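In what follows, structures are represented as structure tokens.
There are two complexes below, and they share subunit A, which is joined by subunit B in the first and by subunit C in the second.
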Partner chain A sequence: MRLLTHNTLQSPLTSSYPLRITATEIKYIKSSGLMPEEGEKDFVKNLMEKKKLEWSGVVGGWRDLKEIVERDLKGEVEGIEIPETQPRPNDPSYTKTLKSLHILLLEIHVITGTLVDSSNERVFKIEGGIPNMILLEDEIE
Partner chain B sequence: MSRPELTGAAANFYNDTEARKYDTNSRMIGIQAEITKRALELLQLDTSFPNFILDVGCGSGLSGKVLEEAGHYWVGLDVSRDMLNVASERESSIKGDLAHHDMGTGLPFRSASFDGMISISALQWLCYSNSSKQVPKRRLVRFFSALYGVLKRGARAVLQFYPETPEQAVLISECAAKVGFAGGVVVDYPNSTKAKKHYLVLSFDRGYSTPKGLQSSAQSGVRVDSSTSSKRVKVVKKKGKGKTKEWIEHKKDVQRKKGFENVRKDTKFTGRKRKDKF
Partner chain C sequence: MLRPFLLCHFPSEEIARSVARSTVLIKHIYKVNSVGGTEEDCVKNSKPFGQSGCTWKVIFDTFASKFPKSSQSTIMHKFIDLHKPPGQVLMKDPTLTMAIIHEYPVGISGAPLYPKHNHKGKPIPENINRPPLSVYFCSLFAQGGRDRVEKYTLKKRTYLGPTSMDNELSLIMCNAGLVKSNSYVFDPFVGTGSILFSASVLGGICVGTDIDTRVLKGKGEGGVMRNFEDSGLPLPEIVRADNSLHSRVFKGEEGFDAIVTDPPYGIRAGARKSGTTKERQKPIPDEHRHDHIPQTQIYPVGDVMADLLTVSARQLKVEGRLVYLIPSLKDFEETDLPTHPCLELEWVCYQPLGLLLGRRMVVMKKVREWKGEKEEEWKNQCWPNGKESADKVEKLREQMALAAAKEREEGEKQGWGAKKQKTKKQRKKEMRNEVEIKKFEDEDNDGNKP
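On to the complex of A and B.
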């Protein structure tokens, strides 16, 4: 699961957002197919400028993953900086944030771990990189 | 045509062997890719930038591959874990991500997350109930109202499905209209049994009229509209008379459209009665 997906996921029961991540295994997959592109064509830049990213989700996701990224992906991923508030296109740190976002949202994968709804502590497991969001029929009203 | 929907839950039907079979069957791959391309066409996306698409019932990721080739990023949902396992092994899947979820229980996303949504050969599964707690209509409404929430305003959704009966298509369109969607069912190749495909095209725009189906002369399909959806479609069967001239001409026409070559020409003798003594 990428942080891009985490950014859109909310608890299907309580609509709590963002879900808390506890990761036990993560992976960095660098892919040439994901290289930042020029202008409008760049997906991350587009997400930022069209306000499709939920900044609280980005900040929350990075807070949850920071420790394990710094421990397990040492040497591969470095220098990710996520400001507390969403930067504007004319901020000096804007390009740097875009670079960080590119790695954080697209190239880091959570392989094993859990997603936790912080309002009722319901746990959704992540196994083999796929979060299990299945609900029991009893859980829905 | 066999209908796996009648055998039980999708998660049970698409087990490991079935999922692998599905993913390596070249006929399946061809059909799925073709349907996905058509769905993308009906989606009418703004392609000046990469879109973020939701794929409900993504299966082994055959449709995702097409989305990727078109330059889009996607998230796929499926109820079968075995299908998802096959999908996650796919190496080319660099722009897609997966989640295990049952669409009948809503969608686990925050509002206005996606630029568009496609679903290939999945929606008909919602018309069947596999436990006493599953009510098809309730599951359909739950799915559509969740869908209404997760799409960006102005986005569209295209869902290709295989209705078993015309009533199913009506039920599905009614449920979509109930939550506020406009749109309708586009039927491609309505005269062919094999190539015939149903696409439910949904939009937020009240005045949206669905594009025409491929190779169809008559307007076929059911329109989703809050005003007409409540009306029941009555099927009136004509009795007696039998083979009139119109009937014969229509039948020949259908056969020609299907591509039969040995269809007799229409002449002034078509449908005429023979003399009593012959």
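On to the complex of A and C.
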């Protein structure tokens, strides 16, 4: 699970957002597609400019991952800066933020850990990079 | 009657090249020098080819017909003797590849309409000298995208399942969904990930969900991520989630460029969704909640499709495409297909899979903004011909079993197959008897030992 997906997930029980991440294993995979057209930065830019990115999710996700990223991905991932409010295209830090977002949303994978609903502490496990958002039968109605 | 070659006009060479690159089914694009109803006409219309200093070769191409090498050579000489390009012959990668094409019609199944030989290899006299539809004299301009079909064939993948989809079809589906570099693609029934794999080949950024953890994790072959890792493709985002509860898990309006999927119709894999039909649920003790296996219930086709269209209407960007497959027997018409006010039917392609069974590839385009408050009202309009349409798909498995049983019964009545089966059965029974008798005798012998 990358922060790209975390950004779209909410608690299926309470709609609490964003889900709190505790990661015990993370991985950095440089994203280069089979048809690299220098494009993925545009993907992020497009997400941001079409207002498809929930900024509170980005801020929350980075807050939860910062410690383990700085510890386990030292040398691979450096210089990520996420401002508290979403920068506008004419802000001087805009390009730098885009660069950080590209790494954060597309290149850092949470392999093992949990997602937690902060309002009731319900835990959703992440195993093999796959978060399990299935509800138990008594949680559905 | 279908023509295997399509004559078209492109506004520019650049456009023709990009069309060739993005297609799955086109083999080559040729630039036409001359066309004729007969070979003589074609030769007469032809103009000289090639610039001085070029390297060249000439090939003979046809479809739905066969020509022996000797007559191919004769045909080629008719053109080459007239217009010999000013350069050297080079068989490997010349700058100019000229082609002479004889076009013959094919039937609806893609097989030759006028085969020169029957299935036993005997010549069919009236077809041997049948004239072609047209003869083209042209030069090879660009290769189509068919190399991807072979390059990423299922045979080369480590992780497969019974629902893994044919590579060519999934590429076609993704192409119909306009998946290209950096498209944001979603598959709500991801299974072994074969559709997202093709989306990834085309450069998509992929997200998938599935309710079934077994199919996502695999049995030691590495699960859904494995094939992506092996092929060096970017990993997809996988979430274990139930599509019937999609809107509770995803906050919504993600703006996917395409949703490409093969929904579960219960033919290969029984569709399930969360929840239980039991009236009285046993409470789950707190100490077991973390490893309790959530119960599932049957997911009827009517709901599968209504949920799929609802999720698509909500999660696609306007102009985004939904591409899905739906199998059916002959009783299911195009007017039976599910609908949604936000989605407009764009293409339907029917693929016959047998005399009775077939499947459709359906492409829908999102044409209107999603409105949350209309969700239920829109969902209820899903089946324009009522629930019967969904039932036709639902009962597919049953009906196919019935048809197969009927066929078997008729076969037995006519005597073929039945006799053989009986003797085999009998032989087995006899063998069993023999073994039992022997066992009995052995035991008896043992028992009699002093």
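Here, the second predicted complex is superposed on the first by the 133 of 141 C-alpha atoms of A that agree within 3 Å, B and C clash if a C-alpha of one lies under 4 Å from a C-alpha of the other, contacts with A are read in each partner's own complex, and residues count from 1 in each chain.
Convention: a residue touches a chain if its C-beta (ideal position, glycine included) is under 8 Å from a C-beta of that chain, and two chains touch if they have at least 3 such contacts.
Predicted, not measured: the structure shown is a model, and the values here were computed from it.
Q: Does the subunit A-based superposition show subunit B and subunit C clashing or fitting?
A: Superposition result for subunit B and subunit C: clash.
Q: Does the superposition put A:I140 against subunit B (first), subunit C (second), both, or neither?
A: both
Q: By the touch definition at the top of the document, which applies to A:V123: first (subunit B), second (subunit C), both, or neither?
A: A:V123: touches subunit C, not subunit B.
Q: May I ask you to decide whether A:R2 touches subunit B, subunit C, both, or neither, giving the answer as first, second, both or neither?
A: A:R2 contacts both subunit B and subunit C.
Q: In the superposed arrangement, which partner chain does A:Q10 touch: subunit B (first), subunit C (second), both, or neither?
A: The answer is both, since A:Q10 touches subunit B and subunit C.
Q: Contacts for A:P92 in the overlay, against subunit B (first) and subunit C (second): which applies, first, second, both or neither?
A: A:P92: touches no partner chain.
Q: Tell me the contact category for A:G79 with respect to subunit B and subunit C: first, second, both or neither.
A: Neither partner.
Q: Subunit A residues touched by both subunit B and subunit C?
A: Common to the two interfaces on subunit A: residues 1-2, 4-5, 8-10, 12, 15, 17, 29, 31, 33-34, 40, 42-43, 47, 52, 54, 128-135, 137-138, 140.
Q: Write out the stretch or stretches of subunit C touching subunit A in their complex.
A: 181-182, 184, 200-203, 205, 207, 211, 213, 216-217, 223-225, 232-235, 237-242, 245, 248-251, 253-255, 274-276, 281, 283-284, 289-290, 292, 294-295, 317
Q: Would you tell me which residues of subunit A are touching subunit B in their complex?
A: Those residues of subunit A that touch subunit B are 1-2, 4-5, 8-12, 15, 17, 29, 31, 33-34, 40-43, 46-47, 52, 54, 57, 128-135, 137-138, 140.
Q: Tell me, which parts of subunit B touch subunit A in their complex?
A: Subunit B reaches subunit A through residues 48-50, 52, 73, 75, 77, 79, 81, 84-85, 88, 94-95, 97-102, 105-110, 112-114, 131, 133-134, 142, 150, 152.
Q: Which of the residues in subunit A come into contact with subunit C in the complex?
A: Listed in rising order, the residues of subunit A that touch subunit C are 1-2, 4-5, 8-10, 12-13, 15, 17, 29, 31-35, 37, 39-40, 42-43, 47, 50, 52, 54, 106, 109, 123, 128-138, 140.
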